[in-house]
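Next up: the structures, one after another.
What follows is chain A paired twice: with chain B in the first complex and chain C in the second.
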Partner chain A sequence: MNRVLRIELRRGTAPLAALAMFGAGVWMLVVHPDHWAGRWAGLANYFRGSMLILCALMVAAGAWQAGRERRRDLDELIGSTSRPGWHPLLVAWLAVALAGSVGVLVAFAGAAVLVAPVATYAAGGWWWTLLVGVVALGAATACGTLVGRLWPLRVAAPVAGLATYLGLGVLLYQDTTAAAWLSPVHSGWSVHWVVPDRVIAGQVAWLLALTALLLAAAARRWRVAALAGGVAIAVAVPIVTGPGPHRLPADSGAVELVCTETGPQVCVSRINAFLLDDVAPVAQPILARLDGIPGAPRRAVDHAAAPTGTPDTPDDGTIWLSLEQQSTVRGGLASPDGLRADFRAVTWPQCPAKPDREVSQQVYLVSGLAAAWLLDEWNPTDPAPAPAPADPALESLRAMPLVQQRAWFAAYLDAAARCDVSALLTLGRPR
Partner chain B sequence: MTTLSIRGLRVGYGRRLVLDDLDLELGVGVHGLLGPNGAGKTTLMRVLATVLRPDRGDVRLLGQPLADDAGLRRARRRLGYLPQSFGFYPRFTVREFVEYFAWLREMPPAEIPLAVDRAIERVGLLDRADDRMKHLSGGMLRRAGIAQAIVNDPGLLLLDEPTAGLDPEQRVEFRALLRELGLDAVVVVSTHLVEDVVAACARVSLVDNGRLVFTGLPDELIAAGEDGDSGDSPIERGYTAVLRGAREAAR
Partner chain C sequence: MNARLLRLHLTARGVPGFAVGLAAVTVLAWCAGSWLASRSYFNGALARVPVVALAPLLAAILVGPTLGGADDDLERSTALRWRAWRAGHVLLAGLTIAAALSLAGLREPHTFGAYALVRNALGCTGMVAGAAALLGVRLAWLPAFGYVCAVYAAVPRQTDPVTALWAWPLQPSTSVTSWLPVVALFGLGVTAYVRFGPGATVFKSILDTFGPQRGHSGPRST
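This part shows the complex of A and B:
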């Protein structure tokens, strides 16, 4: 079987599948490096997110391979041989699944080379997330194998691939329910969340049973198919009746805080610790500007470490920073201005969701003025955007002595916290 | 010794009866299967190749009944088959293609490499063994098809139109190969080329309209013809005479 597997790997659909999967993997990685850079869990999660494309490709490859016999008019000759039909089918499936998986894993291994020197947290069971993805690629190939056996037309492969893409895309809209666990596509959980072992084991068992079911059906081994189908249902039931993907616990090791030792306190979670040296120079000047102002936050902390249900707006002296997609390939801060924008939460007025529209607009302008003062926005860190047009209100505020500027901001925070609209509108005309 | 036995074989496609109450017993040697288009030759070959299940009748190949799965599998292990319409995987090399079929015929893995080279050598393709199938000419493809059919040293070799696409020199070589194979195996060659039958076959069977109308030595078929019968060679005249007689008897 080894020799035949080697032949299939060299001459069947396998080389094409490997190339396509490698290309797709590279493309996916290049499109959104901020989703995976610097974090092992991010890379594993991104692999699962890419399943929408990767599974579709594997279904197409499996269908193309499985329809080969009838397309090439070899089904009669093969039918006269003594080896049970499921043997060549299994070898063909294995060759495509193996080659496709290796193709995409090589692409992701390239990304891993970039992650390795940067990552500051390696635990968290991310490799199980990866494993489920690899098993899912096998299941996708098996699905294609069944399609190719049933419809050996050339058009079956692209149609099956497209149908898979659309089907998995539709399932993504159901990602708040526990049934989402049955889909190989990652539904967007954070890098610091940990998927329970029970769910991982269930997903692996479900995908393996599904693979066996699809291959057995393709080989017309009905008893095996019935058995695998029974196992698949037995595994799926506890998964779909359990909790869904949006109530995942945080990985305590990943969210352990790592803080600056000098200057205003800036803390990031262990999984984002590689960003601390880049985050601190952005956050500390802003925190220094707020130092001593009543009601202003005293420290900035990675939102990954926020307890469940923590509001975005600060009320305990902490401003939460979103670092989830804030890494460059080499581990630097992707968008310093994006990080600074997180501090705008300090200036959000605590007003009802649907106030008077005109008043709301005016309050919004005042809040923008406060944010501009806080973020020192006439001196942005990113020179690329065009300079903001001169704002007379901001010019007036900046013209005041620093003590008065700070008093103005303290008054703003007080009014914003109480949603005192008249006070806010008065503050909008600094003199 | 009889190694292929058919009794009361009946095969139909829908309402159309293709083979009707056919009996045939063949032993070791090369057997030619002749008949006009649509006579049922290919259907008979497909039944013998175990890819078409008969509606009725008992078929035993190499002593194995095809009705039970174990017997069928044992028979298939010792079967070689070249269908009339021969497909191939274009990206495979000749060696890989033949090796793939050796594996499908459940040859012991240790014997496969040597058997593959031997089969390719016997059809005269050793110098093209590492060429991809898509780069072969029609005649070479046919020879590659014969190589896959003989790789397992079959006890029963079924060749449906094996000389189609071969040039005269290759046909001469092929007939010699047939005679060699027929020394210790049942070889059934379905063909339209009666000169192949004369040159290579020890016995000949003639099928017409789903029935076996003649079985005997090539010389007996030749003797059935007379000078007035149509045909350019003695065996063609015998062939047309037997067919005419069978059709007249059927009226």
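This part shows the complex of A and C:
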């Protein structure tokens, strides 16, 4: 068995699968470093998010490997040996699954080397998320093996891969239902959320049973297939009937606050603590500008630590900052402009949507005026989140003494909180 | 005679199976595109990017096996103008894919619709045809599959000329630059396939031209 496996690993599809998965892993990591950098849980979650591509590749590799006997006209020769029919199939599957998994894990191990010196929170059970992904790669290879056995076409491998991608993509659109737990693809939950142990155990059992079912069907071992199918259904039912992936509990250790000790208070959650030294120089000048203005926030806090249902707009002296995708590979702040844009929430009028678009547009312009004043000397590199362009009202506002400017902003916050449209429009006129 | 030969050629190359597959891909693309564009939480026709990227790839992959016969060497030994047959085959295949898939994107054709589908169909077909000449029919799908999947995974949002050159499958059809690599790929792929035919004959030709002189080994045994 070991000798056959070694030969498969050296001469079968396995080396190519390992290479393809390594390349795919590196590519996925390179194109979106802000999704995983600096956080162990982020890396594990990104691995599961990448399953959309990785599982498709493993299905293609499995289908390619399973079609080898037919391509080489070895069916009868292998059938004439004394080995049971499932034996070479199992070894071929194992070789591809092992090689592909090792290939992608090596790529992610490289990313782990970059995460290790930066990460400020290592707990949270992220490795279970990773483990489910590895088991899913085995299930994907088994799916490809079955397709390769059943479908004698030259293009079985790529078509099966693309079909897998489409199927998993469709499941992603159902990610609010509990059935989404059956998909190996991560549906994008936050790095500070915790997947319940019950769900993790259920996912592993489901994927293992599915693997056994697919391999047994490929080897035409119908009794084993029926047994594995029964187990798969038995495992899937409690998962599907349980709660869905929305409203996951937060990891209390990950969202523990770490705050600045000098200047206006800026707090980040423990899992994002490596960003504090970069967030504080961006947030503190804005908080200092707001200092003493009635109704203005006094501190900036990582949104990861916000209790469930907390509104984006500040009402208790806190402005929430989104740091979810704000890390560079070396642990720096990816987009200071994006972080500053979070402060625009301070100036949002608390107005319900109204059918009068003209008034809404005017209120929006006054809101942009207030944001432009607040984010003074803001020179964004990305024009998308920029406030409204400078206008005479802004110029005249800036020309006033600082005390009057602050009084104007306090009046604006008061009117915005009450959604006093006439007061807002008056404040928006040049003086 | 020619009609019978054409019928035999199409049957031997599995073209009826390809036609069924293309019809299925077209219907699937139309359904997926309409569904994505009609979701309230997406941004209308702009949400059809997955369809524009993957449907032409799938169709081009299906055309791969039709580019070679059961025995390419045996085919070459027949007294037929194979370059003309190959040219007709691959051009017709490319145009058929483009025409069929364009039907799936007739609604708002400029916004990741019919024009982008036509562009990607020609690009992917060119890649598959070129790969059929370089790597053989069996692996003809591999470069297009790997390339489009890699670009799709990268999800580039920029539309600058450099990005449009390498990420043409995901660019809006209004980007003129995104058509340039497609024209080049289609031209090169079709030319290579027509000139060298299926199988790794490009490498063989290069080896025969520049490689060490080998003694004539006589007819190969079958």
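As a convention for this text, the second predicted complex is superposed on the first by the 414 of 431 C-alpha atoms of A that agree within 3 Å, B and C clash if a C-alpha of one lies under 4 Å from a C-alpha of the other, contacts with A are read in each partner's own complex, and residues count from 1 in each chain.
Just so we're on the same page, a residue touches a chain if its C-beta (ideal position, glycine included) is under 8 Å from a C-beta of that chain, and two chains touch if they have at least 3 such contacts.
Computed from a predicted structure; not experimentally measured.
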item: Clash or fit, chain B versus chain C on superposed chain A; value: fit
item: For chain A as apex, the angle formed with chain B and chain C - C-alpha centres, to the nearest 10 degrees; value: 50
item: Touching partner for A:R68 - first (chain B), second (chain C), both, neither; value: first
item: Which of chain B and chain C A:G161 touches, first, second, both or neither; value: second
item: Chain B versus chain C as contact partner of A:L77, first or second or both or neither; value: first
item: Which superposed partner A:I7 touches (first chain B, second chain C, both, neither); value: first
item: Touching partner for A:P264 - first (chain B), second (chain C), both, neither; value: neither
item: Touching partner for A:G25 - first (chain B), second (chain C), both, neither; value: neither
item: Contacts of A:P336 with chain B and chain C, given as first, second, both or neither; value: neither
item: Nearest Cα pair across chain B and chain C, whole Å; value: 7
item: Complex contacts: residues of chain B adjacent to chain A; value: 46, 49-51, 73-77, 79, 81-83, 85-93, 96, 99-101, 103-106, 109, 112, 148
item: For the chain A and chain C complex, residues of the former touching the latter; value: 20, 24, 27-28, 31, 53, 56-57, 60, 71, 153-155, 157-159, 161-162, 165-166, 169
item: Chain C to chain A touching residues, read off their complex; value: 32, 50, 54, 57-58, 61-62, 64-65, 137-138, 141-142, 145-146, 149-150, 153-155
item: Chain A residues touching chain B - in the complex, by the definition given at the top; value: 1, 3-4, 7, 10-12, 68, 72-74, 76-83, 88
